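What follows is a group of structures, each given as structure tokens.
Presented sequentially are two complexes of chain A, the first with chain B as partner and the second with chain C.
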Partner chain A sequence: MSEHDDDHHHPAPLSPVEVRARALEELLKEKGLIQEGFIDAVVSAYENDIGPMNGARVVARAWVDPAYKARLLANGTAAIAELGLGGPEGEHLVVVENTPTVHNAVVCTLCSCYPWPVLGLPPNWYKSPPYRARMVREPRVLLREMGLDLPESVEIRVWDSSAAVRYMVLPERPAGTEGKSEEELAALVTRDAMIGTARL
Partner chain B sequence: MTVRVDAAVTAMTGPAAPPRRNGELVFDAPWQGRAFGMAVGVVARLGLEWNAFQQRLIAEIAAHSDAPYYSCWVVALERLVLDYGAVTAEEMEAKRETVRMEAG
Partner chain C sequence: MVFMNGVHDLGGMDGFGPVDVEGNEPVFHDPWERVVFGLVSAMSVQRLSNTHSFRHAIERMDPTHYLGSPYYEHWLTALATLLVEKGVLARADLEARAGGHVPLSQPLRSGPVVLPAPSAAAPRFAVGSTVVVRNVHPLGHTRCPRYVRGKRGVVARVDDRFPLPDVAAHASERCAQYAYNVRFDGHELWGDATDTAAAVYVDLWESYLEAP
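This part shows the complex of A and B:
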């Protein structure tokens, strides 16, 4: 881990608060109150793990519990709250279900609205202008370029997120997973499948 | 290393809520992310509820409403470790002096 990653050239003079923060970090490490690597792990958890794992738990629960799935599709915000998920901002989560004949995909054409309580931080491509424009204009072509080649018979529905409404895709449960536990199922669910740029 | 972060950390609302952009936590500089992780780790290590830190953060923000959010965060965390006797004020001042010297 890097202690001085805030400047790649000459060390800039530290601001007073940076001095205090660095002094505190060093003291806490000396006293064993912060383990080596812990801080990086927290930051990386926020960036990579916590969100998508939450969404995967939601999907797995919906796969094993039909009553939960019905509640999830009827009111996503309330259903994820049952699992202790949600955020302080109060936007509504709408969950859209993939079927053998309908594939859903999520975009935010205006900026990069994203269901962060369930999916964490968005991947960089989600924020890119080409993704935002082409997912609306030519979703089938774009999805194919992203590795998802859908048959012409499958209808593609694109959902445009906003500050008020965020969407998440409920992927189809993969075949041959009948004997798996909810936890094992959650491990199969990927972030991209919940955005709708991949299938499982 | 995998860590479990208390849901109370991200559920903070009102003036104590961390800055977000489009729902994401925003760290404008690496030290801010490190300060965030430090607080999560120290609160757990001292066996405290997140609220112990949150109350100090709220008080700090209320006392210095024009100060940047993560500056208040660092001061609140200092307050916490001093109050719980994990670090003394003398140790803290001495370490700051060392850091200033090292940074040139």
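This part shows the complex of A and C:
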């Protein structure tokens, strides 16, 4: 509600879920179970520091450094640690490589598993029932609906993150980017290309 | 009634329609989502919740509530449920503070955990082994999706040993088993359908698998 609202003595009522969240927060704080500043700190990390820009750095490095790419595909966790990346939901990272004939896409049918250190927290659509239900069943149709029309000649591999491993897609380097720096290349890499719902 | 062929196990389900993609989506949509993410992180740090019991608490939500609520409401419901079940909070206090009903997940239904054998020192299956997913329907937590049960696949990768979630969600014991990445042919999963993937790769613990 803005300060221009006429009825500023009666702010909009909180939604039921908002009320429940606040009630839980208050009770846990009163019990001393939430340190002052903890929530702001953890939220700020995922809003500002941990996101797809990290994965983009990994991808750009793999594009310019074949030895790094080999290490990334052999052991994703160790290779992202070389760039200072790691942490919750990234302890066992597997990177799968797109080629002209193979397209990879990642899903979690059971919940919302996602490689946080390289992609941050997942967008709502990744966690939504239609994506989780359909990606393992009709990926070609679903990807087309989401704007990625793959030729029939491209084999689609779907990775359901059902255990400890988290997956990231290594997209193909776009044509015509030979002269670009690693930093310029990183700016081309999108979150969706690293999930596998887009190509670059 | 809770059964873990639950509403969360969505792979292959039909009727949800298109995926709704929001452009320039913020990390959190509302302040309460920030609060819930922070609370869950804090309780995890304090070991009042672990990944497995937390996931299972989400899976125990009423199916209509699960499908009809935003993602972080799942987290909120699961966290409140676990805190009440562990005696950290009284439901009455929570409802008094919230000024009304606070929906919690349904009670645990599984009995005492039967501890399966941990993996031997060496993995039972190797890359290239053909495996069949056991056709099991446990009452408690599992990470074996319904759409692969009874299906035949080929081991594509052998991972490390990890705690079996079916145990870790319900007991303080840990049962370390090898996890395998198993490649399923699209037609093995979905029959004659022509719109399937060439292959779906699923990560499965050793006790979910048997030799054909």
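FYI, the second predicted complex is superposed on the first by the 146 of 200 C-alpha atoms of A that agree within 3 Å, B and C clash if a C-alpha of one lies under 4 Å from a C-alpha of the other, contacts with A are read in each partner's own complex, and residues count from 1 in each chain.
Criterion: contacts are C-beta pairs under 8 Å (C-beta built on N, C-alpha and C of every residue); 3 or more make two chains touch, one makes a residue touch a chain.
Just so we're clear, the structure is a prediction, and the values are computed from it rather than from any experiment.
Contacts of A:A164 after superposition on the shared chain: chain C is touched, whereas chain B is not.
By the touch criterion defined above, A:E155 lies against chain C but remains apart from chain B after alignment on the C-alpha atoms of chain A. In the superposed pair of complexes, A:V136 makes contact with chain C only, with no contact to chain B. Of the two partner chains placed by superposition, only chain B is touched by A:W116; chain C is not.
Judged by the touch definition given at the top, the superposed model places A:P13 against chain B, while chain C stays out of reach. Looking at the superposition, the partner that touches the larger set of chain A residues, chain B or chain C, turns out to be C.
With both structures placed on the common chain, the touch criterion links A:V43 to chain B and to chain C.
Contact with both chain B and chain C is seen for A:I34 once the two complexes are overlaid on the shared chain. Once chain A of one complex is fitted onto chain A of the other, the partner contacts of A:G84 are limited to chain B, with no touch recorded for chain C. Judged by the document's definition of touching, chain A residues 17-28, 31, 33-35, 38-40, 42-43, 46, 111-112, 121 lie at the interface with chain B and also at the interface with chain C. Interface residues of chain C, counted against chain A in their complex, comprise 8-14, 16-22, 25, 27-32, 34-39, 41-43, 46, 48, 55, 58, 67, 69-71, 73, 76, 79-80, 83, 88-89, 93-94, 97-100, 102, 143-145, 147, 157, 159-160, 162, 179, 181, 189-190, 193, 195-205.
Against chain C, the residues of chain A that register as touching in their complex are 15-28, 31, 33-35, 38-40, 42-43, 46-47, 51, 92, 94, 109-112, 120-121, 123-125, 127-134, 136-142, 145-146, 155-165. Within the complex, the chain A residues that touch chain B are 5-6, 11, 13-14, 17-28, 31, 33-35, 37-43, 45-46, 49-50, 84, 87-89, 91, 111-114, 116-117, 121-122. Against chain A, the residues of chain B that register as touching in their complex are 1-3, 5, 7, 10-13, 17, 20, 22-25, 27, 29-31, 33-38, 40-42, 45-46, 68, 70-71, 74-75, 77-78, 81, 86-87, 91-92, 95-96, 98-100, 103-104.
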